[in-house]
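The following pair of complexes shares a single chain, chain A, combined with chain B in the former and chain C in the latter.
So, the complex of A and B:
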């Protein structure tokens, strides 16, 4: 095994192969960032919706809850396959990476909206009542009182979720998206040693995930509400 | 679910998107689905463009129809879905004519035959295919290939291993996971060159002959007739056989006959054009089979959870109370496994370890991979619990003369469980969902069985809707059970009366 790796290494680490893996790494980042970014936006909307009390919005609140509960209870692999076969007839021209990004968005929305909701609820009720007493509108109270204080509760777990999802996007290789994992699979199918092919993929994920994980932990320490008052 | 339902209704209202011949001629291009990884049918050559038998036939057909050829890479399992979605006008890639497919798409006259033979190695002492019918033989096959079902009739005794790609079948035999592949030998021989150390052996007596044709959208008669006319010409002037010999370096074992050319269009199943109609009948009949898969999913989750928790507890205690080098080593393990995907970790266990002489079965590789992964995450989770035990309490227990195990059992574990019960319960749910990746290694758990079913009945949306519901039910039951256990045994979530 060792001899094989040593004899293959010079041809394996060619500029063409490294460029191929780097481009795939870019696609992994794209799926994660765009999917989680969209998921954060929609999740924020769902979280705010679930805080409303208007009877008219009751069905919408119910739908939002259903979304959150559904997509947190289906494996990402199953969601990927369902989006592939569900979206394709509607938009035949969509690329596979587009389909994977939609799947990431669906799941990220469900998880992030729960994280955001917990953050919004961490702001004591008395502050909202105080804002109302000072004649703030509902929007002003949300934008000026609740949201600024909830960021510190929302950001660390949201960042941690995104870092976790970098690794989950590896399942998109099953659709044929040429992301990091699939690039390793292609190299191995061309005859490279699996240790080299999948080893470089592991290294790629580590390079993406480790610094971002550190950043998330730094945020957690930095933003943690002080316990001294 | 509601969102899903609306999506499904929307789908149902979609008209078939097949483009008739006039529209294709007007646009000036014919979109042809070919397999990107199927030499010598079609594959990317050294110049990064697609070439092969299918590509040459498609080019000849486009020439006869006087349109430009646009090649669309289409994996084996997408050959029919891409067609029904209207993403491509015609589908190639050795598309065998089957009744299931004929209900969803239409076929031209046969393009080539598919004579099934056996690829094996010198490890087996077999000379005729009938000798494969033994229980100690494992036959590898590709999901979605119709030979899977036929083989069950002809060779009922051997075990079978299902993999996802052409290259994976040959690798499975080279690594000794399987003994033989029963398929169209020509399609697969190319991959044997990746394993020169293995002594390959080909038995050429055909087991049966199937026919492959070009698929077109259901009811797209104008395109089908145009293609049949063009194909008849290519068959009769010998172009098809010439191209076959050019790419396979051997004549087609059983050529397409004049009678088959005459009969073109007679095997079309009428109806079914227009809006997509949902048909849950097949998958609903297989719910017991799927539930059997759900039991395997739960087994994987249970095994990985308990083994992972043991690793995690040892890791957490070692990290907090152990000597510095041990704590460092545990940290390397945790960082290594939590910063890389479980899927790739299992790929390494499954595909790279055989090079070092260690052969793991698919189930074992998945359980070991997920356990090591879970152990790393659970070390982090349990560390918070172990840290919640105050040193003073341990010292008090030591003064009382408790043994080390007694301290762990009576002093530490109750504390730890109080602190981490909820994150542990959440992690168990994550493991149930995570066990689905076992499907990608051929383990026939819930997702694996769903893929098995949908590649045969071609009702992917219907099949996976049912599977999604089973997962939702499974995790809801698990969550509820864990909440009840937590409340009764560990008093989690029970409000304590202030003393």
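So, the complex of A and C:
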């Protein structure tokens, strides 16, 4: 086996193959970052909505809760298939990666909104009362006091979720999205050694997730309110 | 009309009454201390006054204007004239000392950052913390945090300052520095309404003392009357129990 790897290596690490894997890695990155980024934004909105008390917003709060509870409970593969059959008839020209990214967004919204909600709730009520007594509006209190103090609680689990989801996007290969895992499979089908074909996939996932994990740890330290934390 | 006029104010949580009809008038520049046993409604009265807890019935007038606690604009107008210092300081943990003092004037009163900072540094100098401007609250002692909280409230230029048990959360050796800070305010034109268990301090600083019990005012009078010759039996019992041989 070693001999096969050594003899294959020069042809395997060709510019064409590397470019192919790199493009696939780009797709994995795209689905994860765009999906989780959108999911974070929408999730933040849902978390804020669920903290409101106005009776007028009760139906919206209920829908938000339904969204969160639903998409946290369905396997990602099922969501991928649901989005495929739900969205493709409406927007026939949509790409497969677009469909996969929507699916990632749906799941990320549900999980991240709960992470964000826990972060917002970690800020003591006294901070909000202090802001109110200083004549801050509800929005000022949220943006200037509550949210900045939540990052410390939100970011580590949010980054962990994203690192985990980098791996889960491999399920998009079932739709035919040529992401990292699928690219390895294609290389092996073309005759490459599985050790090389999937080895480069493994390396790709490591290269994606390791710096992100480091970044999360850096942010955790950086965003602490002071050196005492 | 007095500077602050509270008329028959009631408030409670979920049907449980805490204030049962409080009436109190306070003149500009007065130092009024609320005393009474735990649960008598002293802190609740301050919370209702600053709009952190809605009143059930009754009126509050500040400077002759009635406060409508159901209206954001009315409460905002009130909070431009009245500020509060909390027992637990409630300093914003994500901001430096300077940030804590400057943010509200900048964001809610349109003060320029430069002017707000100059004012903040002057106030910090007054409370003896000029060198702590760039520290975060959790790097300060409780007494220092509370002095910052007082500076923060003063930066809003309130006519009326509420002080809610501001020394209760402090180590005993830190109480003095905070009381000293409050002493410098009394008689300076600002109206002070304070809830305190520091009876020597209350006796020394107050122009009037208000004895509260079970959500109502039992007796009001100058410190000499309340501590020396109280009229109400309830006041006598309370003073006797809490101060002993004062």
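Quick note on the criterion: the second predicted complex is superposed on the first by the 220 of 229 C-alpha atoms of A that agree within 3 Å, B and C clash if a C-alpha of one lies under 4 Å from a C-alpha of the other, contacts with A are read in each partner's own complex, and residues count from 1 in each chain.
Heads up, the rule we're going with is that contacts are C-beta pairs under 8 Å (C-beta built on N, C-alpha and C of every residue); 3 or more make two chains touch, one makes a residue touch a chain.
Source: prediction; values computed, not measured.
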Now for A:3: first (chain B), second (chain C), both, or neither, which partner does it touch? neither
Would you check which partner chain A:92 touches, where first means chain B only, second means chain C only, and both and neither mean what they say? first
Does chain C touch more residues of chain A than chain B does, or is it the other way round? B
Let me test your reading of the model: by the given contact rule, A:189 touches which partner, first (chain B), second (chain C), both or neither? first
Check whether A:126 is in contact with chain B, with chain C, with both or with neither, and answer first, second, both or neither. second
Once the structures are superposed on A, label A:136 by its partner contacts, choosing first (chain B), second (chain C), both or neither. second
Does the superposition put A:149 against chain B (first), chain C (second), both, or neither? second
Where on chain A is chain B touching in the complex? 1, 4, 63, 66-67, 69-70, 73-79, 81-82, 85-86, 88-90, 92-93, 167-168, 170-171, 173-174, 176, 181, 184-185, 188-189, 191, 193-195, 198-199, 201-202, 205-206, 209-210, 213
Going by the contact rule at the top, pick out the chain C residues touching chain A in the complex. 50-52, 72, 76, 79-80, 83-84, 86, 88, 90-94, 103-104, 107-108, 135-136, 138-139, 152, 156
Chain C-touching residues of chain A, taken from the complex the two chains share: 126-127, 129-137, 140, 144-145, 148-149, 225-229
Considering only the defined contacts, which chain B positions touch chain A in the complex? 1-4, 7-8, 10-11, 14, 17, 37, 73, 75, 81-82, 84-87, 164-165, 167, 194, 276, 335-336, 338-345, 347-348, 351-352, 355-356, 429, 433-437, 439-440, 447, 450-451, 460-461, 464-465, 467-468, 471-472, 475-476
